[in-house]
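Read through the structures below before going on.
Look for subunit A in each of the two complexes below; its partner is subunit B in the first and subunit C in the second.
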Partner chain A sequence: MTNKIIITKDTYNALTDTNPKNHIFNSDYGTLKYLTKGTATITIEGGKSYYTGSTSITHDLGYYPFVEVFCIMYIGTPSGNYEPCPFVGSGTTVQYGSSYRITTTTLQLYAQFYGVSSSTWTFDFIYFIFKNNLGL
Partner chain B sequence: MTQIITVAKSTKNVLTATDPNDFLFHSSYNTFKIIVTGTREITLLGSTNNQNFTQAHGLSFVPLVTAYAKESGYSQVFAQNSENIWLWGPKAGYFTTGAKFNYITSDSTNIIFNFDNSSSEKTIDIRYYCLESI
Partner chain C sequence: MIIFYDQKSGKIEGTIDGRIHPKEHLNMWVGDKAKTERLIVNWKPVKDYKDEKGNLIAQDYEPEHEQKELWVGLENRKNNIYDYKVDVTTKLLVKK
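Showing the complex of A and B:
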């Protein structure tokens, strides 16, 4: 007999229910293992004719980890809401976006706008790095 | 009395903490279960956009899915809704390999990966996850 740990949601029977949707925890299924959470900011000075920025976060796991990244873009005072990264948005005359890539030692964040702008663009990131190995 | 199982983070009191963010595990809150995961190798046709690739998930429901891609010959992984960036400069912008992972979606039978490729034929390895039902 295989032993397992199952914690069901209210009203479901842990001994008989086999639908993982009804389980809070089920040892048959993996979960995301949290390594770290952090924030980062990329500022792009359109007045200097810059339109791309990048920053790097070191994780040093030695493999490609599962990550989740969220970003908010604004000019001036922080406003708006975080949205999943990578994303692309647009205004009347510009397009902007953020992206990322994962190496075996770093999470590299990118931000960019396209078009003509003399403003200073700020991209605030929240990132979550998990210990789960993508195995790629 | 309702019984719960909790594991608090270091420095947090498991008996008094009430913020879910203070717990490593709390039986009152669902966990993201990885129902299915796997890898898939695909070949992108050269200079062709909107290329679909399907992968059967074998589940009885439509799963929430996510995935990451790695192009053969490069040392970085990129996510859906992004291109494979290999160089950048503050005034030069991004330089990509031409591979773009447009999106991943799922239906009752398959996971669907969609890519663009503006360059030569490429081999891409994908790690996909099915995370419970939508």
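Showing the complex of A and C:
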């Protein structure tokens, strides 16, 4: 018999319940180890004929960490809700979106729109980096 | 919180959130390292709470920066960091 730690939800018995859906914590399964959270922003000036932008977050962990990225896009003042990244949206004459790429040293963020626009597009990101090594 | 900003314009490029930053955070960078600077604001304990035996049980913290109320607002998202830029001379946040 191996030792384990199980914390169940209300009404379930940790000594007898074997369904992980009923568990708040179960040491048989891996968990995410939080490293940090932060923000980054990309501004694309359509009036200068730009249509893409990027920025990077250097994490220097030396391996591919698990990350979560969310983005909100707006013209002018912030509005709308953050969306899980990558995301894509469209208007009447433009399509826009953001994406990201993870390496062993950086989290690279990308934003772009397709079509004709003279507006200034802002993409605000929230990122979460966890210590978990994806082992890629 | 650590703020990364353009060396010349003071435009804020990104942040690392948090009150106390370990070495792992200090190894990180947001944006082009050749063109950005960073402003690190840790939080420090300002008041201790002790039990009847004198054991420390809790502490109040506040940002170690002269604009502390502004930094508290940034943490609880009452203030939007991207409404501000960094005065590259004084290192203070100023409204854009």
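FYI, the second predicted complex is superposed on the first by the 136 of 136 C-alpha atoms of A that agree within 3 Å, B and C clash if a C-alpha of one lies under 4 Å from a C-alpha of the other, contacts with A are read in each partner's own complex, and residues count from 1 in each chain.
Criterion: contacts are C-beta pairs under 8 Å (C-beta built on N, C-alpha and C of every residue); 3 or more make two chains touch, one makes a residue touch a chain.
Keep in mind that this is a model prediction, so the values were computed, not measured.
With subunit A as the common reference, subunit B sits beside subunit C without any clash. Residue contacts after overlaying the shared chain place A:T41 against subunit C, while subunit B stays out of touching range.
In the superposed pair of complexes, A:F25 makes contact with subunit B only, with no contact to subunit C.
Looking at the shared chain after the overlay, A:P78 reaches subunit C, while subunit B stays out of its contact range. When the two complexes are overlaid on their common chain A, residue A:I57 makes contact with subunit C while staying clear of subunit B. Judged by the touch definition given at the top, the superposed model places A:I102 against subunit B, while subunit C stays out of reach. When subunit B and subunit C are set side by side, the one touching more residues of subunit A is B. Overlay on chain A (Cα): least separation between subunit B and subunit C is 5 Å. No residue of subunit A is contacted both by subunit B in one complex and by subunit C in the other.
Those residues of subunit B lying in contact with subunit A across their complex are 5, 24-25, 27-35, 37, 39, 61, 68, 70, 75-85, 88-94, 125, 127, 129, 132-133.
Residues of subunit C touching subunit A in their complex: 2, 12-18, 24-25, 27-33, 80-82. On subunit A, the positions that touch subunit C within their shared complex are 35-41, 55-60, 78, 122, 124-125. Interface residues of subunit A facing subunit B in the complex, by the touch rule stated above, are 7, 9, 20-21, 23-26, 29-32, 34, 44, 49-54, 64, 66-67, 69, 86-88, 99-104, 108, 110, 112, 134-136.
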